[in-house]
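Take this structure first; my questions come after.
The letters A, B, C and D name the chains in turn, as written, and every chain counts its residues from 1.
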């Protein structure tokens, strides 16, 4: 199990408003059934490396289907083999060190 | 006003557990008074480009003060000049397109 | 055809020197036969999205085989559908606008 | 001394061709006198953290002066305190481990 962050950026679309494209990406992530969190700059997901890379391919492709001619897709995968990483667990560990309750 | 995403990674620390370092970074961001959101992979902040870059310098420096010998700090700044970006506004725009309430 | 940038970072390794791990990653990229360029911060490659993601999986996995317990792998894919992107072509286009010969 | 990677992306420009914007960024980096390398996906530079962040501000700003309404600027800073990192030194260390001469 790994945690990953995905950003899909349509380029050359003619308008600085990109949220309708981000919404298409979110629909695909939602439909995948994988746990996810939408953040102000990206989407964080949790799954095996195979599940993550399969989803990366789908979200990258989906913007071309919306008529975009150039797409920049970034994924950062964070995986530990001594302990399982989860979306909630990563935030919990930091808050615990800060003495904050979730 | 811009929105940015900051990640500070200590390298060569000898343990795969990094949350105590992330907690040091969060303390500095909290103390800055700037609006922020902790996500599973980074911290998102909101402010002027000058405020963002000043904070980047502080959080990058703080891990050396914790005894770390090598630090990789990434910041991604997203700025619009036709409309103000905010942490909440960016998420709201996407959820609106999805027909979700916040 | 797309161009991508890959960075593989071993975490918690006990020494700030990471080049021996980067060399393992480079060996796998070299063996893949895909065109690549080693830069001071990453490796840039050129291929189909499937070829890129297959290689991402291999290089991410290879550091665990070297005994690393946590690995952060980032890939940024840049793809255009109106025109083919290549490693050389991207640099050439910028230099041309600058009036520099390659 | 640190090594950093800068990417400046104009958003919503109406054409998928972005090299003329990248060329503006390169002009500013060249004029700064800081050592740099143009790669297929970014520009790598070498300098103090202050020099790097000053340059980040300038290149981010320059695309708004070209009429772009939204700009995404990413910088990744890699700094070691036990040893000085340089653009050439980072590549040399990897090639040495691979048994390649530069």
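In this section, a contact is a pair of C-beta atoms (placed from the backbone, for glycine too) under 8 Å apart; a residue touches a chain by one contact, two chains touch by 3 or more.
It should be emphasised that the depicted structure is a prediction, and the values quoted were computed from it without experimental measurement.
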Can you tell me which chain lies farthest from chain D, using the average of the Cα atoms as each chain's centre? A
Between A-C and A-B, which chain pair shares more contacting C-beta pairs? A-B
What whole-Å value do you get for the distance between chain A and chain D if each is reduced to the mean of its CA atoms? 25
For chain A and chain C, let me know how many angstrom lie between their CA-based centres, rounded off. 20
Distance between chain centroids, defined by C-alpha means - chain A, chain B (Å): 16
Touching two or more other chains, which residues of chain B qualify? 16-17, 69-70, 72, 76, 78, 80, 82
If each protein chain is taken as a node and each touching pair as an edge, is the resulting graph a line, ring, star, complete or other? complete
Help me check something: in the complex, which residues belonging to chain B touch chain D? 49-50, 53, 56-57, 60-61, 64, 69-82
Which of the residues in chain C come into contact with chain D in the complex? 3-5, 16-17, 19-20, 22-23, 26-27, 37-42, 44, 76, 78, 80, 82-83, 87-88, 90-91, 93-98
Considering the complex alone, what residue numbers of chain A touch chain D? 9, 11-18, 69-70, 72
